[in-house]
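All chains are identified by letter, namely A, B, C and D, in their written order; residue positions are counted from 1 within each chain.
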């Protein structure tokens, strides 16, 4: 489908309430896990983040993701986070929760628990307790999807799982597994892979991308949703609004303007620390604490971040006022 | 130290109760996690395994290890296993429990929990929630060791953690971290690495190996302990007894005789399934169920295993009678 | 196909010269690359190995394989080896040569060069200059197979290439690429994978295994060839001969007897050094030199190897006399 | 050293000819390998690139790097490239050549060949024919450095070698290996690692970075050189010139303006294809051909690249006129 056709369709969809697919890409904001300086979960900051993400225009919340330091949390802490957020959200937004357990049985149990606690969808990685065969991958998602009554999102994120899912296995999941509500694609190259999956699975499949450098290019290729722990969700909202009005150029210009921020907050090995530094500068969390073995930015990076925000005028353009 | 010197020392140690180091290598048997056919933990079989390992001559039990399908268990199931075993063991053997959490904070919490429940030592991997620096590795073990009052064993197992610890970082842990009760070495080549670490850390360090093909060679190189989920622990006991009587040749001949068993039960990707098949053939577990994505042996392997046991006369030489 | 059926077929094939498939599994012996003490290729020893492998009963020679330290050789050295062997072999045996180049274009050029120099078949890995897509893997083998007029063998060896080929991509190669003369399967678990590929591609596909611990089990599953750098090729010949006479039990007993040798010579990280130590002990090479970063066995292993050969009576059972 | 101190030093260095270290960071431009549409090396385009890089202000050329598709070239092609460039350069610029062979012996032979052909320095990866120990890494660089009489640059590039060199092994190389002319650091996080290495090895060590997103931040941290296959070397030159005049802010603003280009040309899995597309759009190469398994951009990316260049006004700001 050409860009022009897609643009036409977008406008048409905007005028219709009957479409199964969203007429505007859905934006799930991934909640960070703020810690107190002694390393406990900082519930006050977590609730502050929650409210801010709603105000900033998120369409949904995503809990226990990679950006939430999922791999750095205990099971009890995960229960606390899901309990707190599902209680406080009071139906204002859908809440997707990750069931990233490395084996199928535990992932099913986890997914069911989140469903019972109020999750509106579940997101899962391929199994990685050991190197899985393709059949084991299919079986994993099939058992999870069969166990729950809410949609299951399939996530392709090789950095965390160590499992690369090519376009052919993704297509097989799409064909063979019922109740799959969409795919989050993060394997490389994201752009070409998105198009390959779209071409195989058709226009009615929900494909999420990650709001990285090529966010607008991904939207133009037919990403109809995104999930991100981006610390200025207001910018994502603004880009999506421009894109939804078919102002692709405006969307691209806005996203390009803030590329230094995008690059900073996705720095390999530093992503958690940089994001929390910025959240602290915005007044959204009390401390920028991350958990080891995640690295903490050094003093130079720590002093560069406020300079970068000032240079881009970000704190004034998008102030946070409680 | 030459083989002759070591042999002399072994004999000498046997006649002394004053040595800090064990005069006979310690054998920790790793408990498998038996499942019912519906995939739940089979507590009856677990207790049967426990009693059998004691009778077979294990010096200690090791819970929640890689051989226990640790990566395939939920937190609640881990609690159940530790609770059950520490209650039933009634002080008959020491109980080491793994705290394999990928980040430092959760690993500390887990280690403290196992200590509270009666573990007599803790074993841990380097942190792997993300690629750790050497400093993060040191910090991980230092924080764990400082938090608990029982010994901490440091495990070098790159297959599970994805983290390779060279001889230099192991030596640094030995020098810089207090309360380290020993090292379990599984990086390759195990034999040469054992000697390198021994040469660096000296004779008073407890070094465990894994009772693989080169078990006796490792003993001769100064491994003074071993941890294994080997399904005929009686054979390990017999090898250790011969070795402790300085009958190296007898120890080696015995181990060599059963190499087809050793090779079978360590088959890459099939290790869990093969071991449970054999435990089922011995009458020790009810079902050979493993959890996906672990592979289950196919029908050919399933029929070959009893043939192999018969060929080696294992069921008659080491019968299990409840 | 059951073991009984296969055994019947084997006997039948033995009485027929008209079958396209070999009635006895083919044995390709991989030539090591002997070095002088100053690190040059030792051509005298290389020719000695060549003659010995012929006398020992190899059906073919395999050059520049992983066991030949392919990754440790220069292009000029590869040319010398292929030139020397193809000249000296004088048609006595077929000569398979590896074209392990990481990109497609160079692999084609290399394959053509080996064909011009007298190779009778080419073996190749999937491309690995960067992570390949499934389509790039198909294209790699298709371009190689189309360029040469001799058979192309597809090798699944994730340790060297870093690329894991599941049963489905192997099946796709079998269906889509002409001129594929067979597959060498080394991904884990080798036994179950062999059966899965056999079931998909049918009885007429040449499947090679690697003469590891489960050599006889692989033969019983329908491996109809093997390639190995095993340093006592006489034993492989004897096992194959027993197996071909449908004496599976004798084949298995023979292979089991020498498992300590098999285990020794496939030791992770030490395989090259151990094999050359043994070749030196047999009088087949002048020096056991390997090239860095390959590890050299330490003094303990070096003294254990002759003990092991003596224990198994190998030097007397299989003497080498020039 | 604070930014202010470094700035002061930079100015001081500018007024002095006596410093051993360059007063302005050195810029080595990595030459791409242009291909004809039939896949041969396009020597005309290669020479055009060479002349353009000189005009654009490169301080040196870097041949056979990752950005040159080194892993996709045959040995004969490497010889052709080095022969052509060293002949045509006629001493106008220094020429660094990569000796990326995976084993030590071949890397030494390759380094000597490049030296004989006129290379002015050699750059090498740690050995990766198999997983190297720290000692094998030291030995690799030591043997290379001892064999050649021109400087050896040590490159930390885990993506290509699969070997991660932490700050401690880099420091050990700096202390133990003579004739090391510097380090190119590409492990993550580059910025913090650069500072850690600088703090350990001191101010007199030449540290190169890669002109990625954090180019200016790396300069401010004390990177005193960079190597890059960036397709608008004019921009790198301009940034370095501003930085050398202590106009850090101007340097940063210039680099930020072109971040969409920087992000595009470093796209994972597409980097070679994107760069050649842009070089083609600039009129510098005849075809954008890359070699399989490198991916070629799809039609959407191919149409987006000229739009991006237009949006940034790059073809007008930096025209190429032969």
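Some notes on this structure:
As a convention for this text, a residue touches a chain if its C-beta (ideal position, glycine included) is under 8 Å from a C-beta of that chain, and two chains touch if they have at least 3 such contacts.
As the structure is a prediction and not an experimental result, all values here were calculated from the model.
Looking at chain A and chain D, the chains that touch each of them are B, C. The most distant chain from chain A is C, comparing centres defined as mean Cα coordinates. Between the CA-based centres of chain A and chain B the separation comes to 39 Å, rounded to the whole angstrom. Centre-to-centre separation between chain A and chain C, using Cα means, comes to 47 Å. Note: centroid distance chain B to chain C, computed from Cα atoms, is 34 Å. Residue positions of chain A touching 2 or more other chains: 131, 133, 269, 295. Here chain A touches chain B in the complex through residues 39, 69, 71-76, 101-106, 109-110, 127-133, 136-137, 139-140, 143, 162, 269, 291-295, going by the rule given at the top. Taken together, the chain B residues at the contact with chain D in this complex read 131, 133-134, 164, 166-168.
Taken together, the chain A residues at the contact with chain D in this complex read 188-189, 191-192, 195, 213-214, 217, 220-221, 252, 256, 259-260, 263, 267-270, 295, 297-298, 300-301, 304, 311.
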